[in-house]
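Shared between the two complexes below is chain A, which pairs with chain B and chain C, respectively.
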Partner chain A sequence: MSAIAPKFRFSYFLKSVLDNVFWIVTLFTLIGIPLVMILLFYIELPVINGNKLLDPYLALTTLADPSRQIPMLKSIIHSDFFRITAFPGFGFAALLAAATIFIERKMLAKLQLRVGPFYCGKVEGILQLMGDGLKLISKEIIIPAKADKPIFWAAPVLFVATAAAFVSLIPVASGGWVVADIDVGLLAVFAVIGFFPVITVLSAWSANSKFPFIGGIRALHQMVSFEIPLILSVLGIVILTGSLNLTEIVQSQDHYWWIVFLPIGAIVFFIAILAELERIPFDLPEAESEIVAGWLTEFSGMMYGLVQLGSYVKLYAFAALFVVLFLGGWHGPMVWPPFPEEIIQNGISMGPITLHLPGLPLLDQQMLNDVLWFVIKTMGVIFVILLPRGVFPRIRIDLLLHIGWYKLIGLSFVNIFIALGLLYAGVLGPGGIL
Partner chain B sequence: MTTQLPPGLQLEKLNERIMTLNVGPQHPGSGHMRLIIKVDGDYIVSCDPDPGYVHRGEEKMAEYRNYIQNIPHLERPVIHDSCNVLYPYCLGVEELLGVEVPERAQYLRVIASELNRCVYIQYWLAIYGIFLGHSTMFMWPAGDRELLIDLLEKMTGARVTHAYFVPGGIRNDVPANFEDMCLKRVNYFEKRIKEYAAIFYDNPILISRTSGAGVLSRDDAIRLGTTGSTLRASGVDFDLRKKEPYDVYGELDVHSNVLKEGDSYARSKIPWLDMLESCNIIRQALQKMPKSGSVRVKLKPNPKGGNDEVYKRVESGRGSLGCYIVSRSKPEPYRVKMSVGSFRNLICMPYLLKGEKLGNMPAVYWSLNYWPVEADR
Partner chain C sequence: MVGEYAANFSHVLLMFGFAIVAVGPALLISRMISPRRRSNPVKFLPMECGQVPQGEGRTHFMMQYYSYVLMFVVFDVMSIFLYAWGSTLLNLPKTATLPIIAFLGIMFAAMAFALYQSKRRNIW
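Here is the complex of A and B:
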C-alpha cells in the first residue's frame, strides 16, 4: 500500500526536481565555465604530448576524456581513504543505517495501524530523516552546569567513532573489500565492543545527574553480562573453521551456512546482540517510564543525534556480523548481469562519434554480486532485529540478568559441545566429510 | 535563615546509599503528579505520592452555580469518562428534587455510561502499554477508542466532554438509526479488543514482568479502602452495578469480574474484562430499551432542593464514585463533595511500592487505575 500526501501531484514533484536541475545547469554554464576559462588563462599550463601547449579548451576535454578518467576513478576506489570513508567503511554503514531508520518507522507504523512519516518528502515521508537531522543540528546544545564537560562532550563522538571502528572490521565482498583485514578479526570485534560500556558509563557519570547515572549502570550491567554469551556463542564457529579471520570464516561457508549446523549458537548470538544494541525488549538503559531517557537524558541537539547515529551504525555492524558468522556472508547465486563485452571491445557509438572506454568495468561482476547478497541478508537480519519493538514490552533488569547469566551461557555451552561433536565425528572442520 | 530539610532529604543525608528520585511532574513516567521515590540500588525504599498539581476546586465552584450550571464543569476531572463522573451528581439532584427519570432515558444513560467506560479504559490501557514499553499497545487502543468516540459524538453531540446527563434524564434523544449503528460498532469493538490478548495479555514477557509485582492481598485491599478494578483484582466481588443497582442496572444481567492474584497483571486484566462485559451490557440494554418515549423531565427554571442531603454512588471506570450533595433550600447546592476512586487507589501505592524494584514502578503505579486529575478535583 502506498500513501501519498493529499495535495501531492506527481507533476509538481517532477517540476521541483526539474527546477533544481535547470538552475544548476544554468548557473554552471553561465558562471562556472567562464570562471574556469578565465582562471585558466592566468595559469601557466603544462605541455602535453610533446608539442602541444594545454589551453583551456584542451584542459576541459582532457578532464572529460574517459581514458584518463577511468584510471583515476579506479585509483580512487581502490585507495584506503575511499575504503575507510565511503564503501565498506563508514559512509556505506551510515547509508544503510539511514535506510534502517526509515524502514523501522514505516514497518512499526504498519504494525500499529497508522501511517508513519507521511508529509516530509511528499512520497511516504522519505525525507523525514533529513528533516529530523536538520532539526537536531539547529538545536541549542545544553550542557548541565555541574557536568564534567570534556568527557561529556567527548562521549557522543567516541560512541560514533567506536561504532565506525566496528564497521571497519566487517568484510563486505570477496577480493579484500574490508577496511581492516586482520588475522584476529573476531577478537578485534570483541575488543571494540568492549569500549561501548566504558563510553556509556563515562557519559552517564560525567552528566552528573541521577537518571543518566542509573541508566549508565543499567547499560553496564546489561552489556557486560551479555558480552559473555555473545563471545561464547561464536566459539563453535571458531572451532569448526580454525580461524579468527572474518574473511576466512565467510570463505568457509561456501557450501553450508553455519546456521544450519549451529542454530543454537545463532539464537544465542541474536538475543545477545538485541541486548547489546539496547533494543526492545532489552531497552532498559533508555527505559522511558522509569528513568526518563536513561543515559541519554542530558544529551541535547546534535549530541543526541550523534549518539543515535552511532547506535544505528552499531545496529548495522551487529547485523552484518551475524550475516558474516552465520548466514554465509556474501555467498549467493550469481544474479548480477555481466558487463557487456562489446562495450569494452568496441566502445560506445553515438552517431559519428565512437567513444573508446579502456579499463572498464570499474568494479567486477563478482564483487557487485557479493555486495548485493550481503546487503539483502543484512537488511533481512536488521528487519528481524527491529520486529520485536512492535511485539514485546520492556523486560525487567533481574529477569534480564537471569536470562544472560543462566540461560544464554548454558545454551552457548551446548552449542560448543555440538561443534566439538561435529569436529570429532569428522563431519566438519579440517579433513571433514563436508 | 535556617532551612529545615524535608523528611525525605534527611533520610538521604543519613544514609548515602539511598538516592531520591523525583518522578514527576516533568517525567514521562508520571501523570500530573509527583512520586518522591527513594531507591537503594534497584530497590524502592519508600515512595511518597505527592498529588495536587491539578487541583481546580471543582467542589468549591459547585457552590456558586445552580444545579443545572454545575453540569459542564463537574465532568472536567475525568473528561474521557465524563458520563460516569456526572452520573452520581445527576442521581443525587434527582432525588433532592424528587424527579422520576423516564425509562428510555435510563436505558440511554446506561448505554452512554458503558460506552464511556470503554473509552476511558482504552485510554488507560494505552498508557499502561507505553509505560511498559509496548508501543503497539499504545497505538491500538488509542485508535480503537475512536470507534466509540465517534459513536458517542453521534449520540451526544460532543466527542469527549459530552455533558449528556442532566437532572431529569438526558439532554437529547439519539438519532434515528442509532441502535443498529451502536450494535454494529460494539460488536466490531468487541472483536477488536479480543485481539489484545494475543499481543499483550498472553505475552510471556509481560506476564513474567507484571505477575507477582505489587501484590495486594484481599485483607489489605479492604483495609486500605481501595475500590474498582484494584479491589476486584484482589478477590473482592464489589461492583456497584451489581451490589447497589442504580437506574436500570437491576434489570440487566451484570457480571462482575474478579481475579484472586492481586498483582499488577490481574489489576491490568480486570479493566479489559470489564470492557468485554460493557459490550455485553450495551447489547442487553439495546434489546430491552423502549423504542420511543420521552427522555427528559422538564424541570422548573432554577430548581430549589429542600433542606436535605443525599449521597449517591456509581461504578465508574476507576471504581466507586460517590457524590454527596447538601441542599439548603437554595438554587445552589450548599456543598458538593465527590468521593473518587482515584484517590482511594492512590493511598495503597506507598504500601505496594515499598521493597519493589524500580523497574516495577510504572507497572504498579498505572495498574492501580489512578487518574491524577480526578484525585485532585
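Here is the complex of A and C:
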C-alpha cells in the first residue's frame, strides 16, 4: 500500500513539469501576445478625465503611475462586468458560500463534541475546503452506462447558474449595488426558484438509476409543496410596501423591520426556505440513511462539487432574501470609520516620496457600512439555517406535506390578514401612525 | 419602452451565462487531469449499494402524494395572481378589497375540498 506510484521518479516529475512550462511559455509568446495586442485595439476602453480615451499605451503607463490607477479602478468597479463577476454577483456569493461551508463543518463538529477539520492549513483546518476542492477536481467522473449524457453533464452547471441568477436579484447596499434592478424583482425571484425542481427532476431522471429517481421525486414534492407558503408569506410585505422592487422594499424598512409587524410571515418564510434548501429537518431528497444520497447519488468528482457549490450559493441567496425582506437589508447604525482626511489632503508619505492620490476614497463610507451590516445579518441568518442540522432528526414525507399544505398555508393567510389589518387600521402605509 | 423593460432582465441572463462560463471549465479541467484508465463494465453500473442492479432505472413508479402536485398547478397560479392585487393595493379604493376576500373564500373552500380528496388514499 504505497502512496506513490511504483514508477515514480522525482526527475520524471520535474521533467513533466518543465515540459508543461516550456509549452505554455512558447504558445503564449507565439499566439497569446499577438492575440492580446490585436484584441486591445478593438475593445472599447473607458473614457477617463472627461475627454481622454484610455488606449493600450495609456493603460500601460498606469502600471508606473498609481494616481492614474484610481480613475481606472473606479470605472471598473462601476461597470456591469465587475458587478456580475465580482462584487454583488458571483465572486461575492461564492466567497460567502465557501465561508458557510467552513462555518458549517466547524460548528457542527462543536455541536456534536467533535473536532472537525483540523490539520489542513495549520489553523483550525482553514484550508480543508481547498483540499476538498483539489481532491474533487482530480477524481474521475463516472457516468452510469445508460444515462442521458447531455442532461446529466448539464445538470450541475445549470444548477450553479440558476443559483447565480438568483443571486443577481439581491440588493446588497444602497446606491444601486445590485446586478439586476428589476421593477418586479420579487416575481423574478419566484420565477428563478421555480427552475430548481425542474433541474433536480431532470438530473434524477437522466441518471437511469433508482436512488436518484426516488430522490428526485421527493425533491419535486417538497419544493413544489413549499413554494406556495414561500410565495404567500411575502405577500404581506408587498401589501404594506406597495412595491415589488427589492431595493424599494429595503428602503421601506428605514425605521422598522418587517419582522416586527409580520413575525408569522417571517416564521413561515423561514420554514419554507429550510424546505426549499433541502436542509435538515427537511432533507428527504438527500436522506443518506434511506436512499444513499438521493438525487446526488450518481454524481462523482467535480460534478458533485459543482452541485454542492450551487446549493451553498442558493443557501446564501435565500438567507440574503430573508434579510432583504424581513431584517431591513443593509440598514444599521454607522460603524464604519471614515476615510482618513490627511491622506486625501497630504497624500501618503513613505520616506522621501510623497504619494498624492486624487480621487480617493475608492468606495464611500455609506456603501461599506451597508455591506458590513448586510453581511453580518446574512451570516446570522445562515447560522440559524445551519443550526437545526446538529439537533433535529429528519421528518417523514407525509408529515412534511401535511405541514406545508395545512399549517403553513393557513399561517401565511393569517399573515396576509394581519398586514391588511395594519394597513386599514391606519397603523402603517401612507398616512399611517408610524 | 418594451426593449428597455426587457433589457433590465438581461443582467439576470448575463449572470446565468457568466456562471456557466465560470464553472464549466472546472468540469473540463477535471476531465483532463483525472485518471481514466482501467475501464470495466461494473464501474459504470448504477449505484445500488453493491447489488447488481436489475431492470431499468427509469421504471414505472407509484408516485404517492400525486394529488399535491395537481393542487400546486392551481394554487401556485392563484398565489402569483394575488401579487397583482397586493402590489397595487395602496392605489385601490377600500371597497375593492371585498371581492378579493370573496375570491380568497372561494379558493379556501376549493383548497379544503382538494385536501379532503387528497386524504382519500383509495382513489389515488
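Some notes on this structure:
Going forward, the second predicted complex is superposed on the first by the 372 of 434 C-alpha atoms of A that agree within 3 Å, B and C clash if a C-alpha of one lies under 4 Å from a C-alpha of the other, contacts with A are read in each partner's own complex, and residues count from 1 in each chain.
Keep in mind that, in the parts below, contacts are C-beta pairs under 8 Å (C-beta built on N, C-alpha and C of every residue); 3 or more make two chains touch, one makes a residue touch a chain.
If you're wondering where the values come from, they're calculated on a predicted model, not measured in any experiment.
Legend: residue contacts after superposition of the two complexes on their common chain; A:Leu220 is shown touching chain C, with no touch to chain B.
Applying the stated contact rule after C-alpha superposition, one finds that A:Val292 touches each of chain B and chain C. Once the two complexes are overlaid on the shared chain, A:Ile143 sits against chain C while remaining clear of chain B.
Once chain A of one complex is fitted onto chain A of the other, the partner contacts of A:Asp398 extend to both chain B and chain C. Judged by the touch definition given at the top, the superposed model places A:Ala317 against neither chain B nor chain C.
By the touch criterion defined above, A:Met303 lies against chain C but remains apart from chain B after alignment on the C-alpha atoms of chain A. In the superposition on chain A, A:Ile259 makes contact with neither chain B nor chain C. Once chain A of one complex is fitted onto chain A of the other, the partner contacts of A:Leu325 are absent, as it touches neither chain B nor chain C. For chain A, the partner that touches more of its residues is C, with chain B and chain C as the two candidates. Looking at the shared chain after the overlay, A:Lys210 reaches both chain B and chain C.
Once both structures are placed on chain A, chain A residues 210-211, 214, 292, 397-398 are touched by chain B and, in the other complex, by chain C. Chain C meets chain A in the complex at residues 5, 8-9, 11-20, 22-24, 26-27, 29-31, 33-36, 41, 43-49, 53, 56-59, 61, 63, 65, 68-69, 71-72, 75-76, 79-80, 82-83, 86-91, 94, 97, 104, 108, 111, 115. Those residues of chain B lying in contact with chain A across their complex are 19, 21, 27-29, 42, 129-140, 143, 199-200, 203, 205-206, 208-209, 357-362. Contacts from chain A toward chain C in the complex involve residues 80, 83-85, 89-90, 136-146, 153, 156-158, 160-165, 167-169, 179-183, 186-188, 190, 192, 205, 207-214, 217, 220-221, 224-225, 227-228, 231-232, 235, 238-239, 242-244, 292, 297-298, 301-303, 305-306, 309, 397-398, 401, 405-406, 409, 413, 420, 423-424, 429-430. Residue ranges of chain A in contact with chain B, taken from their complex: 108, 111-114, 210-211, 214, 280-281, 283-284, 287-292, 389-399.
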